[in-house]
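In this document, chain identifiers A, B, C and D correspond to the written order of the chains, with residue numbering beginning at 1 in each.
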Amino acid sequence: MIIIMKDNASKQDISAVEKRLSEFGFQTHPIFGEKKTVIGAIGDKRQISMNEILLMSGVENVVPIMRPYKLASKELKQEKSVIDVGHGVTIGGKKLAVFAGPCAIESREHFLKMARLVKEAGANILRGGAFKPRTSPYAFGGLEDEGLKIMREAADELSMPACTEVMDTRDVELVAKYADIIQIGARNMQNFKLLREVGKINKPVFLKRGLASTIEEWLMAAEYIMSEGNDNVILCERGIRTYETSTRNTFDVSAIPVTQELTHLPIIGDPSHAAGNYKYVPAIAKAAIAAGADGLMIEVHDCPECAASDGPQSLKPDKFAALMQELGKIAEVIGKEI
Amino acid sequence: MIIIMKDNASKQDISAVEKRLSEFGFQTHPIFGEKKTVIGAIGDKRQISMNEILLMSGVENVVPIMRPYKLASKELKQEKSVIDVGHGVTIGGKKLAVFAGPCAIESREHFLKMARLVKEAGANILRGGAFKPRTSPYAFGGLEDEGLKIMREAADELSMPACTEVMDTRDVELVAKYADIIQIGARNMQNFKLLREVGKINKPVFLKRGLASTIEEWLMAAEYIMSEGNDNVILCERGIRTYETSTRNTFDVSAIPVTQELTHLPIIGDPSHAAGNYKYVPAIAKAAIAAGADGLMIEVHDCPECAASDGPQSLKPDKFAALMQELGKIAEVIGKEI
Amino acid sequence: MIIIMKDNASKQDISAVEKRLSEFGFQTHPIFGEKKTVIGAIGDKRQISMNEILLMSGVENVVPIMRPYKLASKELKQEKSVIDVGHGVTIGGKKLAVFAGPCAIESREHFLKMARLVKEAGANILRGGAFKPRTSPYAFGGLEDEGLKIMREAADELSMPACTEVMDTRDVELVAKYADIIQIGARNMQNFKLLREVGKINKPVFLKRGLASTIEEWLMAAEYIMSEGNDNVILCERGIRTYETSTRNTFDVSAIPVTQELTHLPIIGDPSHAAGNYKYVPAIAKAAIAAGADGLMIEVHDCPECAASDGPQSLKPDKFAALMQELGKIAEVIGKEI
Amino acid sequence: MIIIMKDNASKQDISAVEKRLSEFGFQTHPIFGEKKTVIGAIGDKRQISMNEILLMSGVENVVPIMRPYKLASKELKQEKSVIDVGHGVTIGGKKLAVFAGPCAIESREHFLKMARLVKEAGANILRGGAFKPRTSPYAFGGLEDEGLKIMREAADELSMPACTEVMDTRDVELVAKYADIIQIGARNMQNFKLLREVGKINKPVFLKRGLASTIEEWLMAAEYIMSEGNDNVILCERGIRTYETSTRNTFDVSAIPVTQELTHLPIIGDPSHAAGNYKYVPAIAKAAIAAGADGLMIEVHDCPECAASDGPQSLKPDKFAALMQELGKIAEVIGKEI
């Protein structure tokens, strides 16, 4: 780390900082300018004692040199992670991962119907909510256990991996029993206890970016999971909160190249939750693939106006199928396939 | 709700919308303009079927008339809620609530020392973290059970109520056993399972505003807790995420008059987490009281540079005591007391 | 507009609102619910008297029905505007517009060299700043008049239209003399006097979205220009300000489909200013085209480390040429050409 | 500045960076860590060549040590600036500055009436818009020259300084002829040509913070004005753009202590434009004073529902007078007076 001293810092201040740093095992290298003194401190501690140093007399600012995540970083692992999610599907390689299905699992018949339709259109992973985070306590919260069983049945019938959300540490074991991929939703991206729990299981984790999380916080959430031994983390950009109200969230398309610069983990785009409106889903989906995403998560419903949740952002099956055709062509142009 | 039809909506579109609304028990009142038709729909459903109507042919927009929360609203209860938090302390009345203490409970000796100091300076509620949400998995996570016991001992010795955070549904029972007030942290404001759990217990809940939550979402989180039967919810404004980086968060001082317009629940200001820097804490604390807050939560530490967490935003005991003097005078001017 | 009355609004309140609305020429249609009364008001005024009504006794809220812009809206003109910018180039049709060149015009030799290189790579419009808005008063502010002449010379030599920014009402005539397209920069999007001035001239206007402007405000800025008689407005999405710091701005890719839903004006993406870092420019450029943009503005410099401004976001000519190849393929897939 | 090299930077990279820095007159001090090399560079250049260094081979990041503004900084001038605005009024001292009046100057009679009322209630500076920035080209844009004359007449009659906005470089001379204080509005905070023009005149400048400007950008805008020789800059916090919609902007109360830490310039709070709703104005006004602001700008109108602009945020004269009473008491508590 680098310590920038105030203009009026005394010699005592400077030597006190150096002394404290050396107690922590850092080697210090002061640089004396005309006005300011700067101290370079070399050591391998991460995030330790920065606050302590910041509060010492005469210190103006402390600048970290190293990123706070380790296991998720490219410093540790250069090559892209390719994650096996079962049924022969991998995420992070040449073939794009397309998660599709209704927002919520509403009934056995409906989910099976949707699952068949999305598979036919080219999706390779099923999505569907059994536990639904809802802003209102009075809204439909999902079929829970029953929903999980329906999802499993459809996944087995179609031989596709299935992804569903877990919201509570008490449900991790249950969800892991039925799902191939465990989703951590945007609202739980910093539910640290839940992150630790899914870090202890042996299933890939689909980690949505928080509603207003920085990319660094998002990678720190991945680090939580990985620090418990589960390296199979898949990132999902689903839009961030901004002042703009014409879409529900603002899809941060730059997060795709930025995360690919910083981490070896694969990244999926979710245009449905970003847009909040089916009309904008195809444009955002195409943008995500053109920007280099490893896949997409798209909500599909045959009757959006009767959907138990998130109808306005769901594509009808025929529109989804048409979009898949377009996506296939864009994928090809950039050296991927669908 | 009000349904705004597109310019080119057909008669069939309009009558289909009216038909669907009447099936839901709404009375409809179409208004035919030169270009646009608007349909007023009167009924007592909240948030139901808005999406369905929005997706019908010819519909441009649907505007709700009523707010989505009920129990938390002033429509239901006009008079301000005054919440008894034990040991003779109430929140929401003339006397301000001042929560003070270190960010984390670090040891028995230290916490007792801090508790005595803040009481002496005029604080009437203890704060201290036993379970700490930390951005990094490698940072100090709190003393957990042991911390809870230390907090209880100090609270009993000083006859003050104590407030601490719960992060996991599995810990609600344990925390409720030791704490007088259960805190839901900013990162868990939309951890809906946790909200439901604390709604089922018989202790006041201190509900921090989410990192980037709207006031409406915050009141919906309160509604979650209240919908389970626990009406004793205390709101806490702790700064919101914006583009400005000179403070860790932007303290939304307007949230104080706005919530007082919308809800009967009391509101506390937390200048420490908003500022992220002790230098700005006094100014924000005074602002919050002048704006009408029902109290404050302030982090106090005798050695900020050795604090286990959040040192840079902690006030030293003497600065806290001086601030309490100033706050007392401002409180008096606006008809409150400390 | 629709007027939502408070729960406790009196009959007098309601009839006073109706009376005032009818004085403004509105027809009123009250709808009496169990709790709330809502008044539909039909008339052709835009934005007039909403505030007046909002402040009347018993009024809770006023909801507009119509959008505040007219000339820029699709209500007025359904078909996409195709804007002739000279030298046989049009914007808004099948062929993509690619504006390229250095951030600032630095010298005659350098600009001519860059202009030839970008033309060779496939760009069809030149860009280069003669008047540069700089955050610091001590930074290079552009070659001004001399820069304009250099730009004109290059444009004539290569038979390409040229686009450059105007920052001051006093310079509009001068800039219009040399440029084919007049740029209004992000910082001047709500410089209303400047908007009116460029509305009076006979040259296409390239209107960048403000640093933190909503899409509605942006279209209102276009409306300013159009209200003076100049219909040739080209929108440019260049990233918006958010809390995320890994890129200089967040490229709002959704703005592409959203503006295409609301307005007939063409839209260009500027990945350079959004990213602030050349490494992310290709991904964002490809995303913008895949999302349906009518073109791109890209900064190109042969020596980014010696650039007079914005070096870090400039592509080197060979990288720009390679990107153009990729863009051509994506354009083809979505029915456009480069 | 400090240069952080990439993990894999070569010796050649490092010496090339050192060579380039020394060409710019910097002394360099490399620090070799196990993984990373960091180079401290000491020199007195501000913001020069950072980009160049950033783009050199092997460079990961460049961290500035000094702030980009000089004249506005406390490094240059420790003591608070007290600005004489005429008629015996100063801003930045013990006595608070209270700017009050209608949003727009609507007529001679009305403005004189308002001016007398606000003076009677204790305001010491008049405000009123003659040139109004309006989002819509169809809205009232101000009385312009006639408005300026009305303002001057009222100011002379009441012997109060008057503040009004200038929006166009062409109007600076005219506005300076009539006004005692020249306002730069939020939308023009980065209209650099206008900043330079008002830097050349001999009147205090009231500089509103931009809609979504950082504090650093705001101080850089002050630096623009000061770099032309006009040191009499008064800052005004008027709310920033965030995702929260319950107020028009979010009043950044922390900006008060933060600017007082960074600059010697006085700071005024504008609760009217921040709130956008008169109901929240008193709470925010009291908060600003309690936080240490040097004064307030408040919109007052005797008939908000007939105001030509911004009616919903205007206080009626009796409410303004009552607020002034409360403000006086808070001022006293914190060692100021009204």
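Observations on the model:
Keep in mind that, in the parts below, a residue touches a chain if its C-beta (ideal position, glycine included) is under 8 Å from a C-beta of that chain, and two chains touch if they have at least 3 such contacts.
Everything numeric here is computed off the predicted structure, so don't read it as measured data.
Among the remaining chains, those touching subunit C as well as subunit D are A, B. Of all chains, the one whose mean C-alpha position sits at the greatest distance from that of subunit D is A. The geometric centre of subunit B is 38 Å away from that of subunit C, both derived from CA atoms. Mean C-alpha positions place subunit A and subunit C at a centre distance of 31 Å.
For subunit D, the set of residues that touch two or more other chains comprises 212, 241-243, 245. In terms of inter-chain touching, the protein chains here all touch one another pairwise.
In the complex of the two chains, the subunit B residues touching subunit A come out as 46-47, 51-56, 68, 133-139, 141, 167-170, 187-188, 190-196, 210-212, 217, 220, 223-224, 227-228, 241, 304-307, 310-312. Subunit A contributes residues 2, 4, 7, 27, 29, 31-36, 38, 40, 42, 44, 63, 65-66, 75, 212, 241-243, 245 to its touches with subunit D in the complex.
Contact residues of subunit C toward subunit A in the complex are 212, 214-216, 240, 242-247, 250-258, 261, 274-275, 279-280, 282-284, 286-292, 326, 329-330, 333-334.
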